[in-house]
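Reviewing the structure listed below.
Chain nomenclature is as follows: A, B, C, D, E and F, assigned in order of appearance, with residue numbering initiated at 1 for each chain independently.
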Amino acid sequence: MKFGILVNEGPFTHQASDSALQFVTAALKKGHEIVRVFFYHDGVNNSTKFSDPPSDDRNIVKLWSALAEEHGVELIVCVAAAMRRGINDEVLAPGFQISGLGQLVEAGINADRLVVFGD
Amino acid sequence: MKFGILVNEGPFTHQASDSALQFVTAALKKGHEIVRVFFYHDGVNNSTKFSDPPSDDRNIVKLWSALAEEHGVELIVCVAAAMRRGINDEVLAPGFQISGLGQLVEAGINADRLVVFGD
Amino acid sequence: MKMLHVVNKSPFEKSSLSSCLRVAKNDSGILLIEDGVFGALQGTSVTDEIAGRSADFKIYVLGPDLAARGLSEKPIIDGIEIIDYEGFVDLAVEHGAVNSWL
Amino acid sequence: MKMLHVVNKSPFEKSSLSSCLRVAKNDSGILLIEDGVFGALQGTSVTDEIAGRSADFKIYVLGPDLAARGLSEKPIIDGIEIIDYEGFVDLAVEHGAVNSWL
Amino acid sequence: MAEEFDDEFDGPVKRFLFVNRKAPYGTVYALESLEVVLISAAFDQDVSLVFMDDGVFQIVKDQNTDGINIKNFSRTYRALEGYDVEKLYVEKESLEARGLSEDDLLVPVEVLDSKALSELMNAQDVVISA
Amino acid sequence: MAEEFDDEFDGPVKRFLFVNRKAPYGTVYALESLEVVLISAAFDQDVSLVFMDDGVFQIVKDQNTDGINIKNFSRTYRALEGYDVEKLYVEKESLEARGLSEDDLLVPVEVLDSKALSELMNAQDVVISA
């Protein structure tokens, strides 16, 4: 089955991004397809390469980048939400792309299920 | 009277930073001193120079920088919270400085009142 | 010295105001800001809870936050005082400490 | 087709679960995750509200979120099923749409 | 799923429901969710909006944000009609709990009780709640 | 204000109260607030912690975060004693509403009812609530 994923909160502050990572990992393990992960609202803050958490904790940005690298998962950051919050190409981590909200609506249309993680 | 201010949320997502700006402006107008504004938790996201909101809305980062410029208000961003969230000297807007949590405790000690804005 | 409690959450959505009313010492000040201003309205499902404690506290509501939400002309619970940001600063000065119920 | 409702907020702190229980169609699935897992506990101030509707819905709770909060050994409301992330994926497949009560 | 085809847009049309449960200004969700509504309409999807819980405050009349220095976006709800977004529903229970009535709202809506709302919700393909 | 002077630290000592009202892991506030507690102690302030509302879940025993891939920071509460942070209070009403008792907690605490808590709160110079 095809899943679209929407992440509405930034890393660490809320569990949303962690839960989305767990869901995506479980879905891939079960052979499902992730058509797109879309980052909206504070979710855009998951995409900065400068995130550098303590070494004894998880690195959420790197976990997302690894999913893109290893499984080809498309990570789209909403441009309007990103501009408000200071996310642009200069800070973007590997595997993330900035694009428009149409990509979220398209994911809603093309995926069998859209699953939203947020606050 | 001496005020210390703690801002716990990023710009736009919650009204916290806006309310803090209004409070600080009103306090300065009434002749009070702002000993320090400390940005913690997602509050560190108020300090990125790359924030570029739509032109018909307020630019929260620039409003903080202007307070530092015009009134000498000290804007301190917590280093540990900033590292988690990808805020570092490469993205820091004018007027903000990155420092340790001790600066928050010091503000609590030295100010007559600590006022917290958050979610 | 009396404490100023600041509540910024909607009483319909979060339990912050109830917790504040339970724990704040009588005679404290309570200031409703941001989405907390809904707690000042007459005729809602939470009006009785707040009005029932209005003799125990001095309750204030931030006018600019009421206006933003289109509620300036709505009836407010008796005894609640509408203030502006300068009034907020004055309250912080007049009370011994400020406790934000985040 | 039945809908899966996902609630991630503490029922002690936020009204999300109450709203979900009010509006979700009977026979829907309800999955408690993150701080929403508190809603699955026996013997709390909200147990009756949730247990009283447990015949109307099929309720699930995410085990890893219970364990993180030290609640794995606590008694759970009768009829609530504990699942893991793969179970969450299965539920999303089996229901026609997923509605997250953020 | 609603796999009908539309006149102008050569793709599938799904039923998108936006459940607005948060008050405006205190958080950004109301404003940014409205942007998704407009894009969904541009993609010619079958769009419905529900206002429930504190979301009913999004469409209260006479919002004036001059005093908080935040952009007043409430007029955008009036513009939805121009994007052919005309299915606006308000939950009766939420309105009443807040002491509000239809007269307080800045756009025409259909008021539904929670039972009717649950039927509407269940008939959707994609639900985005904030 | 408590303007006493301390043996080791040559500055003023204030009464700092940290009111922990949020559950761990669902949000980061519990973890990051604990970092402020440790720094306050390093500044030799008169530090108290209150756990109320969902904050009582912060100090529930047997937390195991392996399944959610988030760092388990609950042992830090046990380490507070080593920083001379020994005034830990729990609101009785919050504990009972959650079906919990003192036996469920991983650190020794003093259980106060909300009336006693209000007295404690009112005697503070700085209150940081999250």
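The criterion applied here is as follows: a contact is a pair of C-beta atoms (placed from the backbone, for glycine too) under 8 Å apart; a residue touches a chain by one contact, two chains touch by 3 or more.
Being a predicted model, the structure only gives us computed values, none of them experimental.
> Touching both chain B and chain E, which chains are there?
A, C
> C-E versus D-E: which has more C-beta pairs touching?
C-E
> Round to the nearest whole Å and give the separation of the Cα centres of chain B and chain C.
For chain B versus chain C, the centre distance works out to 24 Å.
> Could you work out how far the Cα centre of chain D sits from that of chain F, in whole Å?
29
> Centroid of chain C to centroid of chain D, CA atoms only: how many Å?
Centres of chain C and chain D (C-alpha means) sit 33 Å apart.
> Mark out which residues of chain F touch at least two other chains, giving numbers and ranges.
Within chain F, residues 25-29, 53, 68, 70, 125-127, 129-130 contact more than one other chain.
> Send over the residues of chain A in touch with two or more other chains.
Answer for chain A, listing residues that touch two or more other chains: 8, 12-13, 15, 19, 22, 41, 54, 80, 114, 116, 118.
> Where does chain D touch two or more other chains at once, residue-wise?
Each of 8, 12-13, 15, 34-35, 64, 84, 97-98, 100, 102 in chain D touches at least two other chains.
> Note which residues of chain F are touching chain C in the complex, please.
Listed in rising order, the residues are 19, 21, 29, 52-53, 91, 93, 114, 117-119, 121-122, 124-127, 129-130.
> Where on chain E does chain C make contact in their complex?
The touching residues are 22-27, 53-54, 57, 60-68, 70, 72, 74, 96-99, 104.
> Which residues of chain A touch chain B in their complex?
Result: residues 10-13, 41-42, 45, 48-54, 61, 80, 83-88, 90-91 of chain A touch chain B.
> Sort out for me which residues of chain B touch chain C in the complex.
1, 3, 8, 15-16, 19, 22-23, 25-27, 29-30, 32, 113-119
> Spell out the residues on chain C that touch chain D in their complex, using ranges where they run on.
12-15
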